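The two complexes that follow have subunit A in common; it is paired with subunit B in the first and with subunit C in the second.
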Partner chain A sequence: MDLQDLRKLEHKRRVRYGYMWALFCAVLWGLWYLPGTVVWVLNPFDEMYGEIAAGSGDSMALIITAVLITAFNALTVILALMVWNGVLGKFGEMKRTLKQFKPCSKWFFLASIFGGPVAILGSFIAMGFVGGAFAAVAALMYPVVGSILASQWYGEKISKRAATGIFFIIIGGFVIFGGGLLSELGTGNVPWIGYMGGLMAAVGWGIEGAIAGKGLDVAEPDVGLTLRFLGENIIWWIIAVPLLAIAGFPMVKYALLAFEPLTMMVLIFAGITFGFCYVTWYKSFPLIGVGRGQGIGNLYGLFAVVFIILFFGDIPSWTLLLGGAFCLAGSFTMFSEDTSGLESLRGE
Partner chain B sequence: MVQTAAAMEFYNGYWVNSYLPAADVLWMVVILIVALLALWQARTFVSKF
Partner chain C sequence: MAGNLPIKFRMLELFSDEQPHWNYEIVQKIQKEYNLTGDFYRDSINFDLIELASGGMLKGIESKVDDEGIYKKGFLLHKYAITDFGKVRASNVCLVYV
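Up next, the complex of A and B:
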């Protein structure tokens, strides 16, 4: 075996790992919707919602409660990431990256703005207003935003085959949630704020992916993602939660009440699934590109609906089966692409 | 804050129609298995590249 063959073999292994990370991301992201949905009915969030709704109305109560849940989600994610980085022995690298703000950290702090207050908050709002299954599939448009930005900004290559795969996955997502939306339109009772939350998730995660792709040129994904969540924790716990408390909302009272065993356990499982799905998402970007990583990661919509059916017992509809088939077709279109064209992920 | 009876009823209500046995515990077991698998693969990845 000569040097060229070894190089090709090494490249194939990297691409295989890239797709594997994106698939891990999809499964863990799908699982996140289980704790992400049930946490809403637990105290103190249930009583917090009731207290704010009595004074400021249901919509405001839902958004403010979503802020506190998202803040706790960010907190448990960073704990999960500390375990991840500890097991991989990356604390030294984390310190080095954190010190290099201008070339490295700034990208991850910027990503945290679009990922946290836009995407994750939007997703929790969609879960609260419409439901877990909707929130999961509403964000399926995000690879379009991500891959277009990555392509225009730093010339990431998107092959025709990859574009076709992403297109199939997006069509699948629309078919999955289209049925629910149509029936709600029929009854005239459409929770528009929830749908706005879904749109926030799609745009926010798309922009975050493109920014992360830029940051990962100069930093390591496990560490970069931890810094991104450090930024998100600063946004929630140092800026948003205190500002809302000053505005008169009972943030501190309910934040302290959240330290209840069942609530904490559900939040910790949300942290594990979300932290690990995010880190595998970031790990896939340098190996297969932002467009492909997001495209395969997009299978989370299918996994979320399947897990919700299995664990919550909702009966599958024909739209789910058809949408799922589209998602699988899109993924296999991308999986089966000849990887020799991916040796360089960027244009010349 | 202790969970109220209403909150627990809603929480348990999520798992009662599940197609899987002991779904209220199984979801956590599934998450742990997948998370440990990902961590193990990450260790392997670090040692290879």
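Up next, the complex of A and C:
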């Protein structure tokens, strides 16, 4: 083998690593839906929902409970990430990166605003006011926002082929959630705030990816991600939860009740899956770009439905097979792309 | 001497002399400056270089097979140089550009 072949091989391997990370992200994100679904029926969140619903209505109860669940999710995620960074010996690098607030860490704090209160809360609002299927479909649009921003803002290359792949994966998601989507929208009067939530999810995660891509130019993915969750914890625990408590919602009471073994176990499972889904997401960006990383990450829709079927024993409908076929077609379109033009992900 | 800058900042700084450098030179230098010994850190620092190149801040200009085992026997060695985009990013992070 000569030098050129070796170089090509090494380059191919880099791209393959990037796709592998993105695929892991999709699997873990799909897995997260198990604890993410179960936690709602566990106490104290179940009781909390009931109490707020009695006073302020179901939709409000859903959002307020979502804030507390998301806050706990962020807390267990950062615990998982601390262990991860400790194992990798990256605390030193974390301190160095944190100190460079202006050139570097500010991007990760900004990413946490878009990923946390905008995207996750938006997703819950869409779920509460329209329905779960609508929320899932709306979130599927985020790679479109992410790849357009990354290409306009810092010239990330996005080939026609990659765009086609992303498009197919989105279509697949639409088909998977299509039935539920139609019945949710068919009920007639959907409040505008539900659509707003859907928009927040797509735009929030898209912007988060593009901003993170910018910060990752000059930072380590593992470290950058931990700073992003540090930001999210500050937002929920120092700002949102106290504000809601002052507004009269029973935040503190139920937060203290969350320390039961079963609830904690489910929350820790949620933290591990969500945390490592983000680790792999951020690791894929420098290797294959924000657009491709998010496109493959979108397979979470398929994985979520598959895992829910496996674990809860729901009966799969034919739309899952058809949608899954679209997702696979889209992924292969991207995996099989000739990557020799991707030596650098940015245009000259 | 322990480094104070995040590793990727320091790498851009090392490249801002506009001279090409071999990856093993940079990796060894960083390992020494930051007191990160061992193969695990060597590979993870080299990965930072790969990410910088893939992000378009460095470009590979020459490669050779490591026959003598200066770095990792049988693997490719890469010589990188900073790109214009890399210079922009370096000045964004407030490195004094020489």
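Here is the rule we use: the second predicted complex is superposed on the first by the 309 of 348 C-alpha atoms of A that agree within 3 Å, B and C clash if a C-alpha of one lies under 4 Å from a C-alpha of the other, contacts with A are read in each partner's own complex, and residues count from 1 in each chain.
Just so we're on the same page, a residue touches a chain if its C-beta (ideal position, glycine included) is under 8 Å from a C-beta of that chain, and two chains touch if they have at least 3 such contacts.
Keep in mind it's a predicted model, so treat the numbers as computed, not measured.
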Touching partner for A:V218 - first (subunit B), second (subunit C), both, neither: second
First (subunit B), second (subunit C), both or neither touched by A:L88: both
Touched partner set for A:R14, first subunit B, second subunit C, both or neither: both
Partner chain(s) touched by A:W236 [first = subunit B, second = subunit C, both, neither]: neither
Subunit B versus subunit C as contact partner of A:T280, first or second or both or neither: first
First (subunit B), second (subunit C), both or neither touched by A:L34: first
Which superposed partner A:G313 touches (first subunit B, second subunit C, both, neither): first
Partner chain(s) touched by A:L6 [first = subunit B, second = subunit C, both, neither]: second
Partner with the higher number of touched subunit A residues, subunit C or subunit B: B
Overlapping contact positions on subunit A, where the subunit C interface meets the subunit B interface: 14, 88-89
Residues of subunit A that touch subunit B when the two form their complex: 13-14, 17, 20, 24, 27-28, 31, 34-35, 37-38, 41-44, 46-47, 84, 87-89, 222, 257-258, 260, 262-263, 265, 269, 272-273, 276, 279-280, 283, 307, 309-314
Residues of subunit A defined as touching subunit C within the complex: 3, 6-7, 10, 14, 88-89, 92-93, 96-97, 99-100, 102-104, 216-221, 223, 286-287, 342-346
Residues of subunit C that touch subunit A when the two form their complex: 3-9, 12, 34, 36, 40-41, 44, 48, 50-57, 59-60, 63-65, 76, 85, 89, 92-94
Touching residues on subunit B, where the partner in the complex is subunit A: 1-4, 6-7, 10-11, 14-20, 23, 26-28, 30-32, 34-35, 37-39, 41-43, 45-46, 48-49
